[in-house]
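See the structures that follow.
Paired with subunit B in one complex and with subunit C in the other, subunit A is shared by the two complexes that follow.
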Partner chain A sequence: MSAKEMDETLAEFFRRTILKIPMTEMMTILKTWNFLSENQLQTVNFRQRKESIVQDLVLLCEENHASLNDAAHLDIIYTQFHRHQKIWDVFQMSKAPGDDIDLFDMEQFKSSFKKILQRALKNVTVSFRDAEENSVWIRIAWGTQYKKPNQYKPAYVVYYSQTPYAFTSSSRLKSNLPLLGQALTVASKHHQIVKMDLRSRYLDSLKAIVFKQYNQSFETHNCTTSLQEGSLGLDINMDSRIIHENKVEKERVQRVTQEIFGDYPQPRLEFAQYKLETKFKSDLNGGILAEREEPLRCLVKFSSPHLLEALKSLAPAGIADAPLSPLLTCIPNKGKNYFKIRDK
Partner chain B sequence: MELANTLRQDGESRGGVLAHLERLETQVSKSRKKLEEPQNAQALEARIHELKRLRDKLRAEVKQRQARVKASTANVEPDQILEISEQEILERKQENMKAILQAYRFTGISGKLTSRGVCVCISTAFEGNLLDSYFVDLVMEKPLWIHHHSVPVFIPLEEISAKYLQTNTRHFLFVLWEYLNAYSGRKYQADRLQSDFAAFLVGPLQRNSLCNLLSFTYKVKPEGQSFPFCARLLYKDLTTTLPTDVTVTSQGTEALPSTWEEQRAAHENLFFTKPLHQVKGNIALSAPMTKVMGFQKNLSRLSGQGPFHLTRTTDKQVFRVKSTASRF
Partner chain C sequence: MPAVVPSLVGTEDALLQQLADSMLKADCTSELKVHLARSLPLPCSVNRPRIDLIVFVVNLHSKLSLQSVEESLCHLDAAFFLGKVAFLATGAGRDSHCSIHRNTVVKLAHTYRSPLLFCDLEIEDFRAAMAQRLVRLLQICAGHVPGVSALNLLSLMRGSENPSLEDL
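Then we have the complex of A and B:
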């Protein structure tokens, strides 16, 4: 049987997409994709050099008459497995007051979203993949009036139905952002969309923050929910021959930290950024900067592999006073890690 | 001094100093002897008497005390037994209280006092099945505020708290319970439909987060059938578990034969009035009816006679055929 020859650019796109997949994940991802059958996968010798494996797989895709849509699906699955490779922004939508109950129809949403983009941009590839908790992953490859869509720089949107939040992977093609926002708003029957000052690689942490799911320990009579005893590694009753200096202060710090940060694992963020536009304040009278009328502009950025856990450990480690500044501790509560601070 | 005096008196007392000393010495030893002997005997005797008397007195006291202790322990024991059983009673009462507090869950809205306010537990149920519980941790300050909660993001918690939390907290909890309980019930029905009646479904069940729009295609019999129905259920009232809008349509483009049309209308009605998984149950039961109708039609067609009347026995398993025609 002769396979219909696949478009060269499409074949190349398949090749590059499959090549990206680490060998340790190859079988899992291919099975999730569910486009190549068990039998077909068994015909491939997975002990070859990766280049050869990929070549074999692309041939199989050609045999199955794989389309651009199938390739887009594979790309979505790869991104779902490697979501930390993208930086995600969060958008918040709002309804007009007095709007009807949201009777969200996923199929209607998808068709509406696609139509809006296709009407505005002749060249655009839109693909969908349903995910857990009634959510959908959307992949958009942008083109222009005259150029075909660039499949190598797609934007991703993750939307949980009947919520006001959408998560988008920051795309370098910023010019399409308003259109994307409009499509999301109209398709999900909202009125307005606003970009939140929240950004991170960790999509699940962003979701935990805006859905307010990060603190799930509750006091009940049934004692079935998690109530871990937080001790922050401070074993004061270790040995009665050892007397801890500042025991009272240490306990106070631990108590205050526990009140603010709780006993739960903190959502994961990599940085917090503070843009200051404030007048210079100094204890010393005089000095060059003290007489300055205009506000100083400066940027303070805190970075960490796990910012909130790091902040939580500052006071117990003795590096900072407890309680910490509310500017630092309000991050998950306010759903912000970008701040602009001006003089009141 | 004395030495000086004896020296002044001279004459007879020339060896006077030494003789004086001798005299003093004998005096001392005499007086010592005097002191010792009678005092020894008398004093010792007196002392002995005294000690004996003391000993007897103490012995008597010890005996008295022992007797008293024995008597008092004998008295105390029954008291202590009473104390123990009181403690047991209290412990049992405490456990009882704890169990009652735990059982409050079944009322739907229960809570536990916390250091800053109260943690409310909203328990949901549907048709006697206990479903998920949701929590709202309230801080008792003016104004009242929610510290954290486990209410899903698609439930309009902000709206409900904006309306009622400050002015009528009780009503706030009740309204929240209504929303959560109805959501749980709808979710339960949809889950049951997907799991228990998978054989009747053609394709996936389409649903959304609130489970207030359900769309699915189904067959009346699991094995092959010509007219699958498409059902679309809308629940516009988020506090109810039964749909507000139901449309059942046939998938094909041709007009439905009349029996199927009847069925279609009947199903629509069922969806309105019964929980989803019970509707499916009812539809499954009504399958033999369609067989009967088909059988009836076939009989007429084949024999050229008719009409036939079919009656069912009560267990709906046996059909008796009665014909008006003379041939049978």
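Then we have the complex of A and C:
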């Protein structure tokens, strides 16, 4: 049986997908993919230039008659390893009151999800990969009635089947979002889907917040403790040659900070955004702005490599008073990092 | 001889703490204790050692730290300003983070006739060098160096380090 020539565009897609993989991760990812056999991998000279290695690997894929589905799987695995490269939104689904609690059937969900998208858009590539905790990673390459799917701008959905939550990578093709939401809702036998005001690169942190797992110790890729050396570890009992005038106050601050933030590492978020729409309030009579009927609009954004840890260290470092504003400290509890503040 | 005691006054606990640790590690022939306070006035009840030198620490990144120091200065006995007060400004190295202009602290130090030192306290080596310098200063202010008084030192330092604003 002669090896069929692989479709040009598919071969290119393989080439570009494999090229993206850093050499340090290449073997791990290929092994996870488990499409090329151990023997086949051994025939590749990994000491060549990367382009040549990739070329060899693509040839092997051709030999194995790799399909678009296989390529999509590789793409999913790459994304799972590099989940921080995407920004994730969080959606919450709900059942209608009085709906039966059906037993969840993963295969039925997948087939239903795929059918809904395919019925709406003739051209769409949908691929699945099961993951831990009854979750599934879904990759969707969008096309239209007349155009083939664009494999280079896929959307990802991570759905935890035992929960009403799904995480989606913000796709640039925003017009497909309603359809995606609908497919998820119907396929998982829910009634309604709502976008939460929560967004971050750190999928694991979003999970921890939404599943309320952050107040136990949990794994993050970069578990950064206090940014400032000894900031929260400012023990009150240090060198007895140091006399703290404000000892009582310091102890109070430590205590309050601990009550609010706890002892555990905070989930990782990069920003919190507050949209204010409030009327101007002033003690002075008859200021120009005081008579303004319309609310003032303003946007305040806090950014940090690790926002919650940074907030936690503010009071102990003497930069802010303790307790901090509840608008800042409620973020993990409320599962929000986007706020709209209006006059009551 | 009784211990020599500087008081480090500023809002940023972590920086003060680090500076205190560095000073305790520095060479000092007298016994050294370090007093830390957020602001003045100090609560009056406590039994406190005599303070030989007050260092007001201003973080150029924080308007709050400057404001707190300015308010504290009003509560300080005038006698201290005869050589027993110094200003230390930190954060000048990261210009983009500075919300206080250098000249503001220069003027402040000039107004109170006291020396102004610059040091990025976050950098360990700079902090260690500054700590050593402060310890030397401290020993003079405490009268532990024969022949040099705090006032002598003040006029010496004024000449070379802090040109008056008219010269700038």
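Operating definition for what follows: the second predicted complex is superposed on the first by the 319 of 344 C-alpha atoms of A that agree within 3 Å, B and C clash if a C-alpha of one lies under 4 Å from a C-alpha of the other, contacts with A are read in each partner's own complex, and residues count from 1 in each chain.
Just so we're on the same page, a residue touches a chain if its C-beta (ideal position, glycine included) is under 8 Å from a C-beta of that chain, and two chains touch if they have at least 3 such contacts.
Treat the numbers as computed from the prediction; the structure is a model and nothing was measured.
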item	value
Which of subunit B and subunit C A:E293 touches, first, second, both or neither	neither
More subunit A residues in contact [subunit B versus subunit C]	B
Which superposed partner A:D239 touches (first subunit B, second subunit C, both, neither)	second
Contacts of A:I319 with subunit B and subunit C, given as first, second, both or neither	second
Contacts of A:E107 with subunit B and subunit C, given as first, second, both or neither	first
Touched partner set for A:K250, first subunit B, second subunit C, both or neither	second
Contacts of A:E38 with subunit B and subunit C, given as first, second, both or neither	neither
Intersection of subunit A interface sets (partners subunit B, subunit C)	none
Residue numbers on subunit A that touch subunit C, as the complex places them	228-231, 234, 238-239, 241-246, 249-250, 316-319
Touching residues on subunit B, where the partner in the complex is subunit A	98, 101-102, 104-105, 110, 112, 114, 119, 121, 135, 137, 148-150, 153-154, 206-210, 212-213, 215, 234, 236, 238
For the subunit C and subunit A complex, residues of the former touching the latter	5, 10-14, 17-18, 20-21, 24, 32-38, 42-43, 46, 48-49, 62, 64
Residue numbers on subunit A that touch subunit B, as the complex places them	101-107, 133-134, 160-163, 165, 210-213, 215-216, 218-222, 225
